[in-house]
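So that you can tell them apart, the chains are marked A, B, C, D, E and F in the order they are listed, and the count of residues begins at 1 in each.
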Amino acid sequence: MNKSHSFTFITRSAPYGSNRPNLCLDTALAASVFEQQVNYIFMEDGVYQLLKNQDAGSINSKTLGNILETLNLYGVENIYICADAMEERNLSADDLVISAKLISNDEFKTILLDSNTVFNL
Amino acid sequence: MNILHTVSQSPKSRLLESCLNIVSDGDAILFIEDGVYYCKREDLLEQVTNTVKCFGLKEDLIARGLQIKGESTVENASYRKFVELCVNYDKVISWF
Amino acid sequence: MKFSIVVYAAPYSSEAASTAYNFVRTLLDEGHEIYRLFFFSDGVHNANSLVATPQDETNLQHGWDKLIRNHELDSVVCVTSAIKRGIVNQQEADRHGLVAASITDSSEISGLGQLIDAALNSDRVVNFG
Amino acid sequence: MNKSHSFTFITRSAPYGSNRPNLCLDTALAASVFEQQVNYIFMEDGVYQLLKNQDAGSINSKTLGNILETLNLYGVENIYICADAMEERNLSADDLVISAKLISNDEFKTILLDSNTVFNL
Amino acid sequence: MKFSIVVYAAPYSSEAASTAYNFVRTLLDEGHEIYRLFFFSDGVHNANSLVATPQDETNLQHGWDKLIRNHELDSVVCVTSAIKRGIVNQQEADRHGLVAASITDSSEISGLGQLIDAALNSDRVVNFG
Amino acid sequence: MNILHTVSQSPKSRLLESCLNIVSDGDAILFIEDGVYYCKREDLLEQVTNTVKCFGLKEDLIARGLQIKGESTVENASYRKFVELCVNYDKVISWF
């Protein structure tokens, strides 16, 4: 199967409070198994998923912090962070577990226009 | 390559504001469920409706006692129109 | 046109599942094809068979069941979401030692691959949550 | 049983989109059956429950518009509307099915302080 | 002190049911009394017995069941919320012609009066949603 | 006759702003679940903490990689402290 279909996943929820980040991640990993092109965009509260030093054992959950490692492991390479989201939350690259490409809203729009299917969680 | 966005929460959610960050000229927005309360907030829609067509799902408007008047920048859309919009735009992004 | 529909919301606590149901009915009325319904997260509760509603309220689970049967729709419930929410078929019930199955026969339990497959084979994917 | 216990119900969600207005109403009616003092306060999006001309038959639901009649029928007399909520939504008394007492946030606070149990939906 | 706890949220889709569970455990550890647990709206899913979770995840429904049994807590599931969400005991299953019961034995199905009664007889009511 | 308020959604929800409309001097606010992200938004808490004590649920903070530093106006609260606050305040109002 060739990479003819492009999926974009917008993850805009904080971790642990709801299962939306997990739904988004699981679906993206499923798409990567089909060897399709996958874009993964952290927007709004979604950037909180990338904070360092998470330890969800304290609430009997699995830590989401290594999410980017998982994405990379599955071959998802197009990972983006909304620059606006970082700024609004007073966050800098140092606060995050890993660096991904910061994008403007215009770049975001271009990615969406080039996508075949968009999941927005 | 335009997009239909559906928005399904009331203005309190600021869901439209999120959506507008990445709406392109020529896209359309359909307000559904509690999203239809946006149809009565012309103050929030003012900048939008120049470049983006806005619709409110008729059945949800009726349920809530909301009417779209003639001079409104938002159009009534039945479920049939909802389907038609999905066909006419290249993809659908749901905001919920 | 070929559509696939994803439902993330349980019936009754929010309107989304009901909106999805109305949308699917309209799609069929308008002559479109449904490639697949995919029930995800709390959406799996739409496929619960052990429900009864007061006479003056809509039974949305029965509504889906009837719609799926009448139009022979392909309806998939996400396995990971379903099992921990108590939506199981007989096979899953046996495997996990549960006393009964709870899913409507008209939907089958399967994995997220079915959602990706649906996206690859449909002209449009519409999400309701 | 005497009216020794006072309940306050804050309903701050729009109708139909979620079942929160129904949960709030049902619980208040149950409290009134126990012949307890019941305050019912419409806050934020909750005031949308009072809009005229609702007809939820269009979405196969039951219309909530006669909610105030139901409350009155069950003997719930202390019904209040947050003045702020009306103003923020550009609503006037004419838009509502029935007139209830508009309260300021200070009056709201007093009601809460005098309540034994508060449900906030 | 005497507490009653109201849970509006289903397990897994939001953290609230899990917070309620941790809170109740701490209450008991600290020597407080639980007058009643009341499961309302989507909270009724906490009393579903037909569930299984992956080994590395917490089974919250089992957690509640154990906690309720071990401490002989009074646990009520709202009847109106439960029936339409597929949480039924044998009696309700029989009455509505459903093929199986789905509720954990440790909770009973009853009306909203039990919530008001709980408020009247507790020093504190704490809501989780 | 003071009240403990629990706030369980992230600042995006504006739940704190709703709550503050009816908080009285001497009340307390406990941030739980995604509400703990408020603990890092000193800009939103500035006016609050003069008259109202603010707490963040420790377990939820740890899960999310948030730390309350010494100079913060918000205090760490364990589940035990959560219970103690419920006892010490006359009633609890939950914002969710």
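The rule is simple: a residue touches a chain if its C-beta (ideal position, glycine included) is under 8 Å from a C-beta of that chain, and two chains touch if they have at least 3 such contacts.
This one's a predicted model, so the numbers in the text were calculated from it and none came from an experiment.
Undergrad: Supply the minimal count of touching-chain steps required to go from subunit B to subunit C.
TA: Shortest path length, in steps: 1.
Undergrad: For the two copies subunit E and subunit C, is the contact made of the same residues on each side, with over half of the numbers shared, or of different residues?
TA: Counting shared over all numbers used gives more than one half: same.
Undergrad: Give me the rotation angle that lays the C-alpha atoms of subunit B onto its copy subunit F, rounded to the nearest 5 degrees.
TA: It works out to 180 degrees.
Undergrad: Out of C-D and A-B, which chain pair has the most contact pairs?
TA: Comparing C-D with A-B, the pair joined by more C-beta contacts is A-B.
Undergrad: Counting only Cα atoms for the centres, state how far subunit A is from subunit E in Å.
TA: Between these chains, centre-to-centre, one finds 34 Å.
Undergrad: Could you grab the centroid distance between subunit B and subunit D? Build each centroid from C-alpha atoms only and quote it in angstrom.
TA: 28
Undergrad: In angstrom, rounded to a whole number, how far apart do the mean CA points of subunit E and subunit F lie?
TA: Chain centroid spacing, subunit E to subunit F, equals 26 Å.
Undergrad: For subunit E, jot down the residues that touch at least 2 other chains.
TA: Residues 8, 12-15, 22, 41, 57, 80, 125, 127, 129 of subunit E touch two or more partner chains.
Undergrad: What parts of subunit D, by residue number, touch at least two of the other chains?
TA: Touching at least two other chains: 16-19, 44, 59, 61, 116-117, 120.
Undergrad: Residues touching two or more other chains, restricted to subunit F: which are they?
TA: Subunit F, residues with two or more chain partners: 8, 12, 33-34, 59-60, 91, 94, 96.
Undergrad: Applying the document's contact rule, which stretches of subunit B touch subunit A when the two form their complex?
TA: Touch list, subunit B to subunit A: 1, 3, 18, 21-24, 91, 93-96.
Undergrad: For subunit E, which residues count as touching subunit C in their complex?
TA: My answer: residues 10-13, 41-42, 45, 48-54, 57, 59, 61, 80, 83-86, 88, 92-93, 96-102.
Undergrad: For the complex, give me every residue of subunit A touching subunit E.
TA: 16-19, 59-62
Undergrad: In the complex, go through subunit C and note every residue touching subunit D.
TA: Touch list, subunit C to subunit D: 12-15, 18, 22, 56-58.
Undergrad: Within their complex, state which residues of subunit F touch subunit A.
TA: So the residues of subunit F touching subunit A come out as 8-10, 12, 33-34, 37, 40, 58-60, 62-67.
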